[in-house]
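By written order: A, B, C, D, E and F. Residues from 1 in each chain.
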């Protein structure tokens, strides 16, 4: 199993979730995060003083997935989250050793 | 060492934390997240218009732990977080290569 | 590639980010989290009743990094985040199998 | 020309009532903001709904029957309030008969307007004490009975000048309603709270008292300022006449003393909380200011400004002890309403004989006893019946999720708190 | 001595106007809070900016030309309002000529003050309806035209007593402005909304209507309380005279009925929303209270309190249906302004003949038609010109990011929402 | 019958004072909301605590000694304010001696009530400027001295009509207190700010000025509306008499011009900020409206409405430049109080001779100099003593964690911000 972590622009969240549903991925955990990267923030004036926004609002999706679905998942996330602008985000993949469903105690693929 | 990530219902947080303390796990990092899974959201009416809550509030616990404590930790988390209802959440386990305590520079088990 | 996850005190965020920039790390994802550890919370009085703050505000940084930069990154994070007080936080290192840049589809080191 | 003077006096006193009434109406906003600030965000929409609805219900019920029950004038459905064609002639005639001696003269409509906002005040006190766990519709059912019957009857024995159940006359002085309005509201609240029980998690099994902080202290502070301002109408209007030197001076003293008592209450509570808890407790200071206001309400015209300040200060100290004591007794009152309006309302009644020689301690005690006994008893019966019919407490699950979700299906701050979208 | 009585009457009526005007000015805060509470947090700074700015612009434009256009007195730039050295002598002389019969006498400055806040009210209605998507500067440009020309002309045909474009006189009764102020504001808003289109995401392609919850319901509730309070000045001041028995009584009835109608509206909307949606919808109840206020505004002095309550109740029910109907027609009005002020404003006009025998249904219909036709038409032209010159809608990207960021460069709640720092 | 007229006049003027005073009291809420909205959330409870407490302290200290020091009437502890049995007879007698010529007559209690709220206003100005870093208890200690001595002495030389330290009489005109109240408050604030230093992080080492955005702009906007409304009482009540044609007209002009100046100030600041910063800066517009109000306060009765609007506009522009200039001088004032009340207060004094022929530029300059010199000097000494005794600045750690936690142990918005639970 793999843990796919995607950092995307907030307004793409619904699209990505729907795209994942379509390939049968029905579980996602979402976190509001702030991102710092190539996409630069901007400087604002507030009462005549400078106000730098370094961090941009992003959304992080964590998706536990069976290894064989990985490529397909990456593909649909890219498809839905891409707006061809800097700052569209990243996908990170790590190995997931075990998954347990709290309610039933099921583990492994069953639990996803 | 292992990183245990548990997604649970928010009102179970105190119980889980206490249960972990009892087995000697004293460090936890908690994040408010929104979960999407089998437990479905619901549709509300606001001023006569529909209002769908797709994401449900969940809490994510991240717990770095020595490998030998893993089974015990999973057990007590399940015990404390289980309410026998859909949406009770998941436990994910990944491998943790290294831990460093910032203050002292200790690493490995010492640092947990 | 490695994923470095650092839990630090919120007021150190700017220092750590700048220190990372200096060694060429330009991407960071930041999450506001609540930490529970050795650094104990405190008990307050509100209207004469007790009010325990168990969880302390922390900030979590996630940094995807090439393996060869790992030691250097840990070092500068420690340097910038250390205040020699309990609760300064931890650094966790896990293996990162793959990184994909959503916009371009680049993967691996290119994508970081 | 005498008629012209009289017409001006009529106009002035009517306007004075209307301005005072508008200020008391404004107190409804004060209660709503205070309570909305002191509950958790998940119960905020519901407490706002209760506050707006209870005010509206009070206005309807007092028109339908409350005013007639209390004062025996105006008629049911207020059908006698309009005046009609002979209004001016009647007023001038009765005034001529009195030799234009400057008796209180004003439009009956202005009197109703001033009185109706008092009913709403009494009912607003209840909503705070039962917050975060009482069912919305059960609460509104109680509001119908309280504003239609319980308060008007009690009011009829006191301000209405009628005998208690036709048995005896109360010899009792309560200028603007420390007892008749505030303690009455608190008595109804106490009955509800006893039946309801405490919020889940408020008291530990080990006897510990846990804080449940309010979600929005600026809002609570704003509510207190609004109440403070509105109170000038509440007490100031209760002189009932403006249009001669003695009355006008009395109104001015009332404004001055009302403000002084509130200031004293804030100072008193600030310092005692500092001593007891080691910190400046904003919410206690707000309660202290309100306590000063409640305490002076029973007699704001006779104390000197210094006395008013000191009375307020003692009230501010008293309210802090009362709040912590009620907590020890596990009487859970999220906003401190029972302490502020009940305990201090009683205290205010007892202060009257100190500066008003027309009042006796015994008379005050009997009056307070009758008011408390009737309102508490009648409320307990009413709450019990409502409990049997529809239940008064929301389910444990709804309480955990918040009354907003269960009762109103709507969050107060959907973007500021983490609730899923 | 007659002069002295007259001086007092002058002072009293002037003060009455000033107090009423201050209460109406306060309504500007009510609109600002209501709208700020009902939009999303990312559009809050901008709606606040619009509200403060439109009030300021209304004050300037009405001084420059509006008052003169509407009433033909005061002069452009109000240069005739100061009175000057002969003020007192003039007033006493004209009063003596009238035999001191108690005609309306007061300072022209107080009249202007009372009138100017009405203009601002009309304009405030617009800002809510076009919220979350209209350009700030386009809106302010419209405000200049609306408060300088469109409203004053319409007002001149009605309260100003002039003929419509010199063609015919309106025989039409609108006590405090259900039509002249509220429906007029709604007509201007409707024209804007039709040109603007709905907010992105409000209506699904499948015809579904999506909720876009307001970010801060306590703020919206506070705004409603403020409006409720300010309305006592709005309607109460519109009797235009206080200083005799009949007038004073009339003012008192107006206060009483205004309050009763609002209470009725809240109750009506609360129950109908409960029946339709199964929950207590706070925002609908707030709209219901406002609907009650708008409905009674056309004639608050002649109904009995019971009638006023019932009129309010019907208005409260009507507004709920109106809001859901407009949504079905895909007319997107984030705060319900068109329903509350437009639909119910019209309803209020139609109620007048029921209690005021001086008004006819036909007269009311013609008046309503003229007001709506003129304001809607003139607004449509104005909005269209502005659209051509500078555009009226913010870009899709700005709408997604929020008008606050694009127009004001400033967040309303920078620490409560997740926007990067 | 003459007595009856006189009694009515007495009642009317007393009521006018009380209504005005209640409006000024309301300004306390305005300052509290404005400041609570413009600080960061972690310092909100503390600024609210300061505001409520300073108002309470002002009321107590002015009663104890301030009023007596300033006007030499009422007595220490206000023991002479009650009037007593001969009140009516005395008033009628002195009035008869004056031939009922309509001199200012009203209850001394109403005068005190009106004056006491002015003291609180002056002190409220200070709290904003020293926000986010000053110790709570040090601030309250200063409030005792400021409201008990510094302000009353300064007031005695001006409105109190006494000589400056018995040396010379000020020939100086300040209608409602641009200088006596507003600039005085700003002078005390400036002294405090200079001793305190800037908030950590406000100024970069490289000379850059960093923005520290306020946490709740709707709250700040509400505060501005409240102040705007309350200002009608502040300026309107300062005519000191209502009950004759000339006075009533003057009060009306004051209301009109006060409103016009605020509107002008908002417009001026909105446009200049647009030109300078390229965006509509809401907080600057709020400051601009307040600047308009402060500027007109020194003389609101003589300008034409057009002049009032223009004065306000210039003030609104001036305040924007003042705020950015102070920032360049590294004088850190989180809410802009020194600019709004100090710089514009001085500007307002200088405007008086333009429309009031009784005032001279020299007289105004001397008066302004004396007020500023005394208040700034006395405050500097007081702040220094307090600094030596208990320190005036919270520790760096507490500043980082927020004054709420350190001083009040309580968060203002515990559920909206991430602070651990």
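Just so we're on the same page, a contact is a pair of C-beta atoms (placed from the backbone, for glycine too) under 8 Å apart; a residue touches a chain by one contact, two chains touch by 3 or more.
Predicted model only: the values in this text are computed from it and were never measured.
Enquirer: Would you mind checking the shortest number of contact hops between subunit D and subunit F?
Expert: Shortest path length, in steps: 1.
Enquirer: Looking at the contacts, which chains touch subunit B and subunit F alike?
Expert: Expected: A, C, D, E.
Enquirer: Could you quickly compare C-D and C-F and let me know which has more C-beta contacts?
Expert: By number of C-beta pairs in contact, C-D is the larger.
Enquirer: List the interface residue numbers of subunit A and of subunit B, divide the shared ones by all numbers used, and answer same when the ratio is over half, different when under half.
Expert: Both copies, subunit A as well as subunit B, present different residues to each other, with under half of the numbers appearing on both sides.
Enquirer: Can you compute the centre-to-centre distance for subunit A and subunit C, using the mean CA position of each chain? Integer Å is fine.
Expert: Using C-alpha averages as centres, the distance is 18 Å.
Enquirer: Where the centres are mean C-alpha positions, what is the separation of subunit E from subunit F, in Å?
Expert: Each chain's C-alpha centroid was found; their separation is 31 Å.
Enquirer: Any idea how many Å lie between the Cα centroids of subunit B and subunit E?
Expert: Using C-alpha averages as centres, the distance is 52 Å.
Enquirer: Using mean CA coordinates as chain centres, what's the subunit A-subunit E distance in Å?
Expert: Using C-alpha averages as centres, the distance is 47 Å.
Enquirer: Please output the residue numbers of subunit F that touch at least 2 other chains, ranges allowed.
Expert: 1, 5, 8, 12, 19, 213, 216, 222, 277-279, 281, 283, 409-410, 413, 416
Enquirer: Could you tell me which residues belong to subunit C and also touch two or more other chains?
Expert: Residue numbers touching two or more other chains: 31-32, 34, 44-46, 54-55, 94-95.
Enquirer: Touching pairs of chains, which are they?
Expert: Every pair of chains in contact is listed here: A-B, A-C, A-E, A-F, B-C, B-D, B-E, C-D, C-F, D-E, D-F, E-F.
Enquirer: What residues on subunit D touch subunit B, complex-wise?
Expert: Those residues of subunit D that touch subunit B are 400, 409-410, 418-421.
Enquirer: If you look only at subunit B, which of its residues touch subunit E in the complex?
Expert: It comes out as residues 44-51.
Enquirer: Under the definition above, what is the set of subunit F residues touching subunit A in their complex?
Expert: 208-211, 213, 276-279, 281, 283-284, 320, 323-324, 327, 336
Enquirer: Going by the contact rule at the top, pick out the subunit D residues touching subunit F in the complex.
Expert: 1-2, 5, 8-9, 12, 16, 19, 23, 40-41, 100, 102, 213-218, 221-222, 224-226, 228-229, 232, 236, 242-249, 251-253, 255-256, 259-260, 262-264, 266-267, 270, 277-283, 285-286, 289, 304-306, 309, 413, 416-417
Enquirer: Quick check on the complex: what are the subunit F residues that touch subunit D?
Expert: 1, 4-8, 10-12, 14-15, 17-19, 21-22, 25-26, 28-29, 32-33, 36-37, 44-46, 48-49, 51-53, 55-60, 63, 77-79, 81-83, 87-88, 91-92, 106-110, 112-113, 116, 136-137, 216, 219, 222, 407-416
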